[in-house]
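First chain written, first letter: the chains are A, B and C, and each begins at residue 1.
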Amino acid sequence: MTDNAVELGPLPTCWRRRHLLGLEGLTAEEITAILDKAEIFKGALVSGKRRVPLLTGVTSCNLFFENSTRTRTSFSLAARRLGADTIDFSAATSSLSKGETVIDTAKNIEAMGADVMVVRHRTPGTPHLLAQNLNCCVINAGDGPHEHPTQGLLDILTIRQRRGSLSGLTVALVGDIAHSRTARSNIWGLKALGANVIVCGPSTLVSPRWAELGVEYTYSLDEILPRVDVLNLLRIQFERQATRPFPSVREYAHLYAMDRGRLARAKSDILILAPGPINRGVEVTPDVADGPHSAILEQVTNGVAVRMAVLWLVASVSPN
Amino acid sequence: MTDNAVELGPLPTCWRRRHLLGLEGLTAEEITAILDKAEIFKGALVSGKRRVPLLTGVTSCNLFFENSTRTRTSFSLAARRLGADTIDFSAATSSLSKGETVIDTAKNIEAMGADVMVVRHRTPGTPHLLAQNLNCCVINAGDGPHEHPTQGLLDILTIRQRRGSLSGLTVALVGDIAHSRTARSNIWGLKALGANVIVCGPSTLVSPRWAELGVEYTYSLDEILPRVDVLNLLRIQFERQATRPFPSVREYAHLYAMDRGRLARAKSDILILAPGPINRGVEVTPDVADGPHSAILEQVTNGVAVRMAVLWLVASVSPN
Amino acid sequence: MTDNAVELGPLPTCWRRRHLLGLEGLTAEEITAILDKAEIFKGALVSGKRRVPLLTGVTSCNLFFENSTRTRTSFSLAARRLGADTIDFSAATSSLSKGETVIDTAKNIEAMGADVMVVRHRTPGTPHLLAQNLNCCVINAGDGPHEHPTQGLLDILTIRQRRGSLSGLTVALVGDIAHSRTARSNIWGLKALGANVIVCGPSTLVSPRWAELGVEYTYSLDEILPRVDVLNLLRIQFERQATRPFPSVREYAHLYAMDRGRLARAKSDILILAPGPINRGVEVTPDVADGPHSAILEQVTNGVAVRMAVLWLVASVSPN
């Protein structure tokens, strides 16, 4: 229906994965391959080429055991823009309440004809379990607090597009590190591409053990602020916290919110990211969220492009 | 895939709106432009041309903060029949429960690539707020008790198709006027096209202040019945009423239900409309609902055609 | 987009039904016609022809008053693989909570342009009621404990593909016969094709009155096991049972679970079916479910093929 003459080029020789389970273990070359293809897809989207039917006949299933309208929609749009068919299989209404195992549920969907399974589950390792037990491709869309690789990739793509390169940049992940799969995926991806990573937040949410991942940690945003190139303001996930890990939201905002005052003390070209949905006034004040340093909405657009790239890459590797 | 040689003609010169937020303020010419295009689309649908791919590559998002399977499905079908992609983003499962603002949610969806946002929200003015803050087109699919313009348009199209013209007709809106966005949209549209409007219902649901909108009001259906050309029987929205505004459903039906007896005292060619879902035996008795004076199911078919017209019109106006 | 040169052949002369409400009353010829077409569709699916656009322009609606992600997804995929448009209309979010009748809901969807209505409802006979009151095609996707014809057909197709023919085979339906629409549909279909049917389960779930349907009944799986060709292990539908009809799950499994021991005492080529979702360790042990006698996942694949066949057949009969 539309022009599909997108100059995508061939499958990169470095790419042999039929699954994307995390950014841990990916080489710089592999991550760069994803980002390069994502940029081509983004160029097509932005120039109005909404349909790039490279995956016609392919069926992608969103197998979400946790709700996430946003991520699910982004994957669905990515799949459909590639011409793929999409299925949504959500836990709330599925047979899981009937006592079926996760593997059986997934094998059933595969038997219906799914080629790619995009999986979100609160248990770390669920996508890995499915990758071992299914023939179809598996993409991790968030496994508990473990990884959320496409979120990491879209953050990194946004930085690369604004800065040209990741190498040597200092990126601080601020906030709810303990509950954040986004943090882990960012760390692996950023380090692979040569960035320095700092995790920063209240001591109840940042443990010294993060140093084992090769990152710096701190409880003080103000201390590190002058040398940070990129701030990634993670959501305070109130809905995941049984007890609140700090005295009050106001206290948290006082110490960690990115506001006009902190912006004045930061590098003049500081880049501010935040995986949505944002709590305005908590992690970031409205003027900063909507200001020129913020790339929050670019992240969302890049999310669709990154997911198109990942879907295309994994679906293009033949099973053996 | 199918013949798309629908003789739609060019974008009417009078049409310059990228949003349809209400029928208030639309000129007769603009309303007529929508109805004319809707009739062409209806002709295509009825003759079996289910696909008129004029909006290929366009993405329409149903952003519904209130449930409405019916309206949502009608908009989805309209969009898909135009070849557009559709996204459903419902409040129940969305990030709104995570504290995000309505504008941020909508901007995120826009950043994913939505071109048209079809919005339902219980707060009057929400679509207007989004139209001011987004670049994409906004269509109001119901904002609290304020407006529901496509419902008004489909009612008016149904009258025009049965009667040829609206001019000089007397149209009575009966029932739950106070809670009805349909009433307001009908009033603006009907008056623009030259119809006389009467609002009629229990005094708890009809206020003298409706006269300020240039309509007649009455508490007695029987009094006005002999001179009415069209009756639009609004739903008693039990689910929106904290306290019941009349002693009993039986009492309401006794005074306002359109039944065989009232039909006998009405004009011989009276036309009966009712925006679904109908409460059989409350606003209308089954024999009348299913009889020749009723156009209830035509309204539903016209709903898809009207929404195709509105989608095509707003999406065809370039953003400056 | 893809090669649609599937050698489907013409509409069989025996097929004149615009509805599939049950397998009761279908002739062997009609059932065979469905199975033959389903095999052709399965061949296309398996060989990678995911799109067979024979129903372009047709709209199929899943009208599900009970949740069933699995069956709904199978029907959706079947419809989309035929090029049809799909609508999901589920009870939880629909206008039914607003007091509308089932017929009015269905007529509304039909007025929006649905050509096929795939109906699930807990009340037996609901699809029949709709077939009498609508112009569109109706397919029963489960009406309470009554029938679930496409489940019966996919079971029978699976047996036919493994054994070549149904004639003379002894098929035992084991387990929760009382609550099983699958049992009833299997019985009608299997008997029409010349198989002998035994229903087997606890006396609380198997009544002597089943003999009236022309089947044998027994409370002992071990007694019949040596002469059974096919075992269809029905789910214990814990979610449908107010009180548990046997002392404990362990007791049930002891008497009825298909395990290694029973497999050793069965015919060497016994075929084991189970409509998912399975309760591992209850109706069947994992080693048997995943072993060579099991055709559980073939059933799922056949489900899509059977539904493509049924959709194509009913939609291809002109409404007089």
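Definition applied: a residue touches a chain if its C-beta (ideal position, glycine included) is under 8 Å from a C-beta of that chain, and two chains touch if they have at least 3 such contacts.
What you see is a predicted model; the values in this text were computed from it and never measured.
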| item | value |
| --- | --- |
| Contact graph of the chains (line, ring, star, complete, other) | complete |
| Fitting chain A to chain C on CA atoms, where both chains share a sequence, rotation angle to nearest 5 degrees | 120 |
| Mean-CA-position distance for chain B and chain A (Å) | 40 |
| Chain B residues counted as touching two or more neighbouring chains | none |
| Residues of chain A defined as touching chain C within the complex | 53, 56-59, 83, 85, 87, 89-90, 93-101, 104-105, 107-109, 111-113 |
| Touching residues (chain side chain B, partner chain C) in the complex | 1-2, 45, 48-51, 67, 69-70, 73-74, 76-77, 80-81, 92, 235, 238-239, 276-280, 297-298, 300-301, 303-304 |
